[in-house]
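Right, one structure below, let's go through it.
We call the chains A, B, C, D and E, going by the order they appear; numbering starts again at 1 in every chain.
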Amino acid sequence: MDWLNHYVSGLTAGQQFALFSLLKVLIAIFVVVLPIVAYTVVAERRISAWIQDRVGPNRVGIPFTNIRLWGLGQPLADGVKFLLKEDFTPAYARTVYFWIAPMVAMVPALLTLAVIPFGSQLGAQKVVIADLNVGILYTFGIVSLSVYGIVLAGYASNSKYPFLGSIRASAQMISYEIAMGLSVIPVFMLVGDLNLGKVIAYQSSGAWLVFKQPLAFAIFLVAAFAETNRLPFDMPESESELVGGYHTEYSSMKFALFFLGEYAAMVAASAMMVVLFFGGWTLPVAGLDQPAASLGMGLLQVGIFLGKLILLMGVFIWVRWMLPRFRYDQLMKLGWKRMVPLALANIVVTATVLFWQSIKS
Amino acid sequence: MNWMLYSLEIVMVLTGLGILLLDLGTPARGKRDLGYLGAFLLGLLLLQSVFLPEAQEGFSLMSSGNSITAAPGYTLDPFARYFKHLFILAAILVLLMTVDFADRLRHGVSEFFALVLFALAGMSAAASATNFITLFVSIELITVTFYVLTSFQRDQFRSLEAGVKYLILGAAASAVLVYGIALIYGATGSMDFAALGKESTGTAAQDYILQLGLLLVMAGLGFKIAAFPFQIWVPDVYQGAPAPVTAFLAVGSKAAGFALLMRLCHHLRPDLQALAGTVLAVLAGLTILYGSLCALRQRNLKRLLGYAGIASAGYLLLGLLALNTRQGGPTASADGCHAMLFYLAGYLFAVMAAFTVICHVSRDGEDEDLSILTGLHQRSPLLATVLTLSIISMAGIPPLVGFLGKFLLLQSALGALAERGAHLWLIIAALAGVVISLYYYFGILRAIYWGNGIRTDEVVETRPPIILPPTARLTLIACALILVLLGIFPEPLLDLSSRAVELFR
Amino acid sequence: MDIGVHHYLIVSAVLFCIGLLGVLIRRGLIEMYMGLELMLNAANLALVAFSRFQNNLEGQLMVFFTITVAAAEVAVGLALIVALYRKRKTTDATDLTSMKL
Amino acid sequence: MAVVLMCVPADRRDLLRRGTLLATMISLLTALLLFLSLENAPAGPGNLSTALTALQSPVPLLNETAPPPLEAKYQFKFTQRTDWMPSLGISYHVGTDGLSAALLLMATLVAFAAACCARDVQRRDKEFYVLLLLMSGGIFGAFASLDLFGMYLFHELALVPTFIMIGVWGRGEDKNYAAYKITLYLSVGAMLVLAGLIGLAQIVRAKYPPAEFSGYNLLEFYSMLEQTHGTGFNEGLGPLIFPALLIGFGILVSLWPFHTWAPMAYASAPTATAMMHAGVIKKFGLYGLIRIVLPLHPYAPNADYWWQLLLWFGLANILWCGLVAMRQKDLNWLLGNSSVAHMGFVFLGIASLNFIGLTGAVLVMVAHGLLAALAFGLSGHLYAQTKTLEMSKLGGLRREMPFIGTALLMALLAGCGVPGFANFVGEITVLFGLWKTQPIVTAIVCWAALVIGAVYMLRAARQVLHGPPPAIRPNYTDARDWSERLPFVLLLGALLFFGLFPNWLTEKMNRSYHRIGQSTGMHTTQVSPR
Amino acid sequence: MHETLFYIFAALTLLCGLLVVFNPFSRNPVTSAMFLVLTMISISGLFVLLQAYFLAAVQILVYAGAVMVLFLFVIMLLDLRESEQRRLKTFSTVLGLAAVGGLAAVMIGTVKHAQAGAATAIGETRALGKLLFTQHLFPFEIISVLLLVAMVGVILLSKREVE
C-alpha cells in the first residue's frame, strides 16, 4: 500500500480529484448498481411468483455444476441470453436513432447516482461522486433527460405501437416530473440547502423527513413510479394495449439496455428517496448518524444505505404486482389534478408554518 | 416593498384571473358581458390611478427630481402614470369593442378578455420599467400575449398565419434584445438604465460593446414600435389579427415600446445620445417614407392602417431627434417627448374609433377590403362620421387632435434641428409623408362617401343599414367627441403630458 | 492561456450568428424556431459570462428570466405551429402567403 | 353654426337652406358693420370680429385676458385675445384692420351668394350645407385671426370639406382625380406653410422674449421684426423659412407652375364650392403673402432672389394661363384658368414691393373674389339647366335667359378688365405700382392682360351667349325670382360699387397697412417711391 | 483543466450549433433537435465552468428536459420527415450568409476586446434566490403571469373544436 500512498500523494490536487472520481464512478456502476439491478430482476421474478403463488426461477446456479443456489445464477443466464440473441434492426427503422436510443435510455439513470451520497466517508474521501451544491437540481435535470431514450426509441422504430408508446411516455414523464419537483420543494425549504449531503445531515439531527413531510414522500413515491414507467403507470409499454410500447421493435442487447435502464432508474429513484426521506446512510442509533470516523464505520454506513435502498426496491416490486394499470386519462388526471395541487398545497402549508415559526422565535 | 405602488398591475392581473374564474360559472350567452365587467373594473382602476394620492410621490428619496424608485427596476413617476392611463383607456375601449366582436371569437371570449388584461399588465409594467430585467420581462409579457391574441381566430387561416409571422419575428426580436441587454450589462456592469448615463470608465473597447448593445436593444424595441427595418410583420399581422387585437397592438404595444425607448434614451449619456439620435433620425425618415409609400397601394383596410401605423411610428420617432443636439439640451428633448406623449394620446382615440368602426362594418370571415365601406354614410351616418373624424385625425388635419400631435412633433423636430440645420431631408421626408398620407387616408373617405363608382342607391339595397348596440354607439360618440374636443381644447392634455415629461427636463 | 470573458463572448457571438443564420435560411418553421433558441442561448451565455467576470448576480438573474420566457414562448409557438399544421398541413414558412398585396 | 345645422333632420330641406342662408346673412351683415365702423371704433378690445368668427367656427367665446398694446400700435380693431394653448404660446387672437376687413366683407358676401347658389345640390344636402358652413367659418376665422397657428388651423378647415364636396357633389368624369389633385396640392402648400410658420415662431420665440410667452402671434412677430431688425433669419433653419412660406403660400394661390389643380378642381366642383374656393379660400395664400412674407422680406437672406422668382412666376401665371385659357372648350375650365391668370396680377402687385402695387393687389383680390364667385355661380346656373358647359354645345343663351346672360356678359367683361368694374381699378393700380420697379414686365403684362384676356373672354361671350343655338334643345329657364337673382345682383353690385368708388376700400387698407409697412421696414428700406 | 474543458465545451457548443442549422448528412428536423439538445448540454457545461451551477442545472432541466422534448414531440406528432425537400433559394441564402457574416465580424470584432474583471466565486443559489425574491420580485411576478398566459394560450390554440 505504501507505493499507492506515495503515488497518490505525488499527484496534483486536480489529478487526485480525477483519479478518485474515476474510481468512485467505476465502483458505483460495477459494484453497486449493476449487481443490484441484476438481482432486482431476479427478486422481481421471485417476488411476483410468490405473490402469484408459484415458484419462480429457482434452477440456475453455478454453471456446469448442479449447485442451484436458489436460482441466483439467473441474471448471468439472462445476460448471456441477451448477448447471444439475434440483434434485429427493422428495415424501416431510422437506424442511427434506433441505435442511440437504448444508450440514451440507460445513461441518465446512471448519471443520477453521481450526486447520491451512499455513505459518509471512507477515509478522507466522501462517499459521493460529485458533492454538488445544486445536487437536487442536477438530479432533476438528468432525470428530465431520460425521456429522450424512450421518445427516440419510439420515433426510430417508425412503427405504430412504439410511436404511441413514446408519445405517451414523453407526456407522462414530463407531467409527473412537475409533481415530483414540486413535492421535494418543502424538503428543501426545511433543510435550507440543495446539497443532498446537507439533507442527510439535517435528518440526522432530527426526525427523518418521511415523518415530517409524509405528503411530499407520498407524492414523490407515486411520481417515481410514473417516472420509471413502472406499474401501475407503465403506459408507455403496456403490453395489453401496445404490445411492448416503445421497445416493441427492439431485441437482444438493445432491449436489454432498456431493461437495465428501467431498473437503474428504479435504483436511482429509490436512492433519492432514501436520501431525501429516510435519512440516507444514517440510523438514529448507536452514533450511526454522525460521519464515519473509521473505514469500518464508513462501510457499515454504506451498508445501511444499501439496505434501505433494497427495502424501497422491494416496495417497487411489490406494488407492481399488487395494483392494476391505470387508464391513460386517469393517469393524467391524477398527475395534474391531484398531485400537482397537493404538492402546491404542501408547499404553501410548509411555508406558512416556517414563517410562523420564524415570527415566533 | 410597497404594495400600493404596484396596485395597478395587481388589479389588472386579478381582474383577468377573476374573469377566467367567472367564466366557469357563466352561461355561454352571458360570457360576453364579462367584457363589460372588465371594462367597468378598468374604469374604476382608471379613476383610482387618477386619484392615486399624491402621497405616493412621497416615496421619493432622491432630490434630483428623478423618479421614485420602489424596488430596482420599477418606478411610478408621472411619466409612467401617463402611460398607464393611456393603456388602461385603450384596454377599456378594446374590451368594449370585443363585446360586439364576441360572436366571431369561437374559442372563448372570456379568455380573450383575460389575455387583454394580462397584456395590459405587461404594458403597465413596461411603462414603469427602469432596468433591463423589468423591460425584458414586461415586453415579453406583452409579446407572448399578443402571439395568442393575434392567432385567436384559429379557424381562420390568416389569423394563424399572422400569429406565426408575429411569433417568428417577435422571437427573433427578443433574442436580439436579450443579446443587446447582455452586451450593455457587460459594458456597464449593471442592469439599470441609469448606468447608461455614467461617464465612461472603461476603454474604447468597452464603449464599442456598449454601443453595439445599445443598437441591438434599439433594434429589439424597434420591432415593437414597427420602425423601418423591423416592420415587416406589421401588414400581415394587422390584417390577420382580429380587429380588436389589431387596435390594441397598434396602440398599446406600440406605445409601450415608445415609453421604453423614451426612458432609455433619456438615461443615455451625451455621446450615446448623439449616436442614438443619429440612428433614430435615419430610422424615422425611412420609416415614414416606407410606411407612406407602401400604404398607397393597399386595398385592405386593416393592412392600410398597418402601413399608416408604420408611418406614424416614424413621425413619433421625430420626437426623439432632440437627443441628437447638444445645444438643445434637456428642454428640447423633453419637448420632443412631450409631443410624442400627446401624439400617442390622440392616436389612441383615433385608432380605437377606426377599429371599432371596422369591427361593426366588416362581417365575419370577410376580408376588410375598402369596398366594405361603400355607402357607409347611408348605412350608418354615425359610423361614417366617426370614421371620418378618426381618419382626419390620423391624417393630421386641424382641428382634430391628431393635427396638434403632428404639429408638436414637427415643432420639436424643427426646434431640435434649428441650431444645426442638419437633417433637413428628414423634415422634408416627414412633410412629404404627411402629404402622401393624405392620399391614402382620403381614399378611405372617398370609399365612405362616394364609393367606387357604385351608385349609392344601389348600395342601400344590397347592404342593410347597420344597427349599433347602445354601448358601441356611446363609445363611438365618446371617441369622436374626444377627438374633436382635444383638438380644440388640448390644454388639459398638454398639461398632463408636459407634467409627465417633467423628469426629462 | 487564461480563459477570460472574451473567450466566452466569442463563442456566444458565433453561436448567435449561427442561430440567426438558421432563422434566415431555413424555411421550416420549426427549424427557424430552433435557430431562435440558439440565439437566445447565445445571449444567455454572454450574460452568464459577464455576470461571472463582474461579480454581479444580476446577469444570472436575467438568464433565469430568459430561460423562463423562452420556455413560455416555445410552448405558445409550438402550439401555434401545430394549429397551423392542422389547418394547412404545412410548416414551411414559404407557404405563408395568404395575405399578399 | 355648422354644428347646430348638423342636428337638423335631413329631410327638412327648407329649414336647412334657410338656416344656411340666415347664417351667412348674419355674418355678411356683421362684416359690413365691422367694415363700416372700422374707422370710428375704439382702439380697445371689441367683440365684433370674435362674434363673426364665433358665428361660424367652433371656437367659442372665452374669457378675455391680455390687454392689447400691440393691437393699438398696429391699428387692429375689434381685437380679442384669449389663452388657448398657453403652454404652446398659442392664443385665440382675432382682430381686423383694413386689409382683413375688406377681405372679410368680400368673403361674407361670397359665402352668402354661395349659399344662395347651393340650390343645385339635390341629394344629401344636409351634409353639403354643413360642409359649406364649416368651410366659410374656417376662412372667416383665417382672415380674422391674428395668431399664426389659428390662421393656419382655420384655413385647413376647408381642406376636407373641399375634398368631400368635389367627390360627392362634383361633376364630370375626372372629379376623383380633381379632388385628389386639389387636396394634395393644397396640402403640399399647407405643409410648407406649416413648417415655415413653426420655424418662424421658433425664431420669434428665441429673439423676442416678451413678458407673456408666445411665439405664434402675428403682432409679436411684427414687433420682433421692428425691434431686432430680423436677426435670427441667417442662422440654422432661418434662411429656409422665407422660401418655404413663399412657395407654400404660392401653391395655395395656384402660383405657376403649381397651378394645375385650380382649373380642374373648379371645373369639377359643385357651384357653391367653386365659388367659395376660387373666390375666397384661394385668397388666403395671398393674404398670407401680404401679412407674413412681405414683412419678412427685408430681413430674409436671399430674399431678393426669391422675390424675383415670384415676379417671374406671377408673370407666367398671367401669360401661360391666359394662353391656356384661350384654348379651353369648357366654360368652367376657361373661368378656372382665367382665375389663375388673375392671380398673377396679385403676385405682381405684391412683388412690385411698393405701396401702390400692394394696394392694387389687394383691390384685385377683393374684386377677383367677387368676380370669381359671380362667374362660377352663373356657370353653375347654366350647368344646372344645360347639363353641359362645353361652349360649342351652347350658344344663343342670352335670348332664352336674359338675366343670366346679361350677368354673365358683365362678368366676362369685368374679367377682361373693362373700366367701371373693380377689377379694372385693381389691375391698373398694380400696373402703376409695378411700373416703378419693373417697367419691362409691366409692358408685357399690359399687353397680355389686354389682348389675351380680351380674346378668351370675348370668345366665351360669343360662343355661349350669342351665336347660333344648337338645333335641338329643351327650353331653358332664366333665373326666375328674386331669390335666384339676388346673389348675382349683389355680387355685380359690389363689383361695380368698388369699381366706381375704390377709395372706399383703399383708404381703409392703406391707413392700417401703412403702419405695418413702416414699422417692419418694408416701406422705408426696400421701396423708394420717388 | 479549466482551459481544456472550456475548449472542449466551446467546440462542442459551436459544432452542435452549426449542425442544428446546417447538417450535411441529414435534413431531418429530429436530427436538428437532437443536436440542439447537445448544444444546450454543452452550454450548460460552459455554465458550470463559469460557476453558475444553478443555471447550468436549470438550463438542462428546462431547455434540454422540457423545451426540447416539446420540440421533439411536435416534430414527431406532425411527422415532419423530409421537411426540406424544397431547395433553398440561392439568393436568399447568399444574402443571409453575407448579412450574418457581416454581423459576426462586427460582433466578434467588438467583443474580443472585452475586459475581464477578476472573477471571484459567486453564483450561489442562495444569493440568487435572495436577489430574486427581494429586489426582483416584480419581474418574477410578471413572469408568472407570462407563464399563465402561455398556458391559457396553448390550451386555446390546441384544444379540440367545440361545437
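The rule is short, and it goes like this: a contact is a pair of C-beta atoms (placed from the backbone, for glycine too) under 8 Å apart; a residue touches a chain by one contact, two chains touch by 3 or more.
Note that the structure is a prediction, hence the values are computed from the model and not measured.
Peer 1: Hopping along touching chains only, can you work out the least number of steps from chain A to chain D?
Peer 2: 3
Peer 1: Could you name all chains that are in contact with chain C and with chain E at the same time?
Peer 2: Chains in contact with chain C as well as chain E: B.
Peer 1: Which two chains have the greatest number of C-beta pairs in contact?
Peer 2: If you count contacting C-beta pairs, the leading pair is C-E.
Peer 1: Report back the single chain whose CA centre is most distant from the CA centre of chain A.
Peer 2: D
Peer 1: Grab the C-alpha centre of each chain and report whichever is closest to the global C-alpha centre.
Peer 2: B
Peer 1: Report the inter-chain centroid distance for chain A and chain B in whole angstrom, where each centroid is the mean of the CA atoms.
Peer 2: Spacing between the chain centres: roughly 54 Å.
Peer 1: Averaging only over C-alpha atoms, locate the centres of chain A and chain E and give their separation in whole Å.
Peer 2: Computed value for the inter-centroid distance: 28 Å.
Peer 1: Between chain B and chain E, what is the gap in Å from one C-alpha centre to the other?
Peer 2: Using C-alpha averages as centres, the distance is 31 Å.
Peer 1: Compute the distance, rounded to whole Å, between the mean C-alpha positions of chain C and chain D.
Peer 2: About 63 Å separates the centre of chain C from that of chain D.
Peer 1: Could you list the positions in chain E whose residues touch two or more of the other chains?
Peer 2: 54, 58-59, 66, 77, 107, 111, 113-115, 136, 139, 143, 146, 149-150, 153, 157
Peer 1: Find every residue in chain D that makes contact with two or more other chains and list them.
Peer 2: In chain D, nothing touches at least two other chains.
Peer 1: Mind pulling the chain C residues that touch 2 or more other chains?
Peer 2: 5, 9, 12, 16, 19-20, 33, 44, 49, 51, 54, 58, 61, 65, 69, 72-73, 76, 80-81, 83, in rising order.
Peer 1: Chain pairs that touch, all of them, please.
Peer 2: Inter-chain contacts occur between A-E, B-C, B-D, B-E, C-E.
Peer 1: Can you list the residues on chain C that touch chain E in the complex?
Peer 2: Per the stated touch rule, the residues are 1-22, 24-28, 30-31, 33-35, 37-38, 41, 44-45, 48-49, 51-55, 57-58, 60-61, 63-65, 67-76, 78-83, 85, 91-92, 94.
Peer 1: In their shared complex, at which residues does chain B touch chain E?
Peer 2: 1, 6, 9, 13, 20, 71-74, 107-108, 111, 114-115, 118, 121-122, 125, 133-134, 136-138, 140-141, 144-145, 147-148, 151-152, 154-155, 183, 186, 202-203, 205-206, 208-209, 212
Peer 1: Along chain E, where are the residues that touch chain C in the complex?
Peer 2: For this pair, the touching residues of chain E are 2-3, 6, 10, 13-14, 17-18, 20-21, 29, 32-33, 36, 39-40, 43, 46-47, 49-52, 54-55, 58-59, 62-63, 66-67, 70-71, 74-75, 77-78, 80, 83-84, 86, 88, 92-93, 95-97, 99-101, 103-104, 107-108, 111-117, 119-120, 122-123, 127-128, 131-132, 136, 139, 143, 146-147, 149-151, 153-154, 157-158.
Peer 1: Show which residues of chain B lie in contact with chain C when the two form their complex.
Peer 2: 132-133, 136-137, 140, 144, 147-148, 151, 154, 157-158, 160-165, 167-168, 171-172, 174-176, 178-179, 181-183, 185-186, 189-191, 235-236, 239-240, 297-298, 300, 303
Peer 1: Give every residue of chain C touching chain B within the complex, in rising order.
Peer 2: Residues in contact with chain B: 5, 9, 12, 16, 19-20, 23, 29, 32-33, 36, 39-40, 42-44, 46-47, 49-51, 54, 56, 58-59, 61-62, 65-66, 69, 72-73, 76-77, 80-81, 83-84, 87-88, 93, 96, 98-99, 101.
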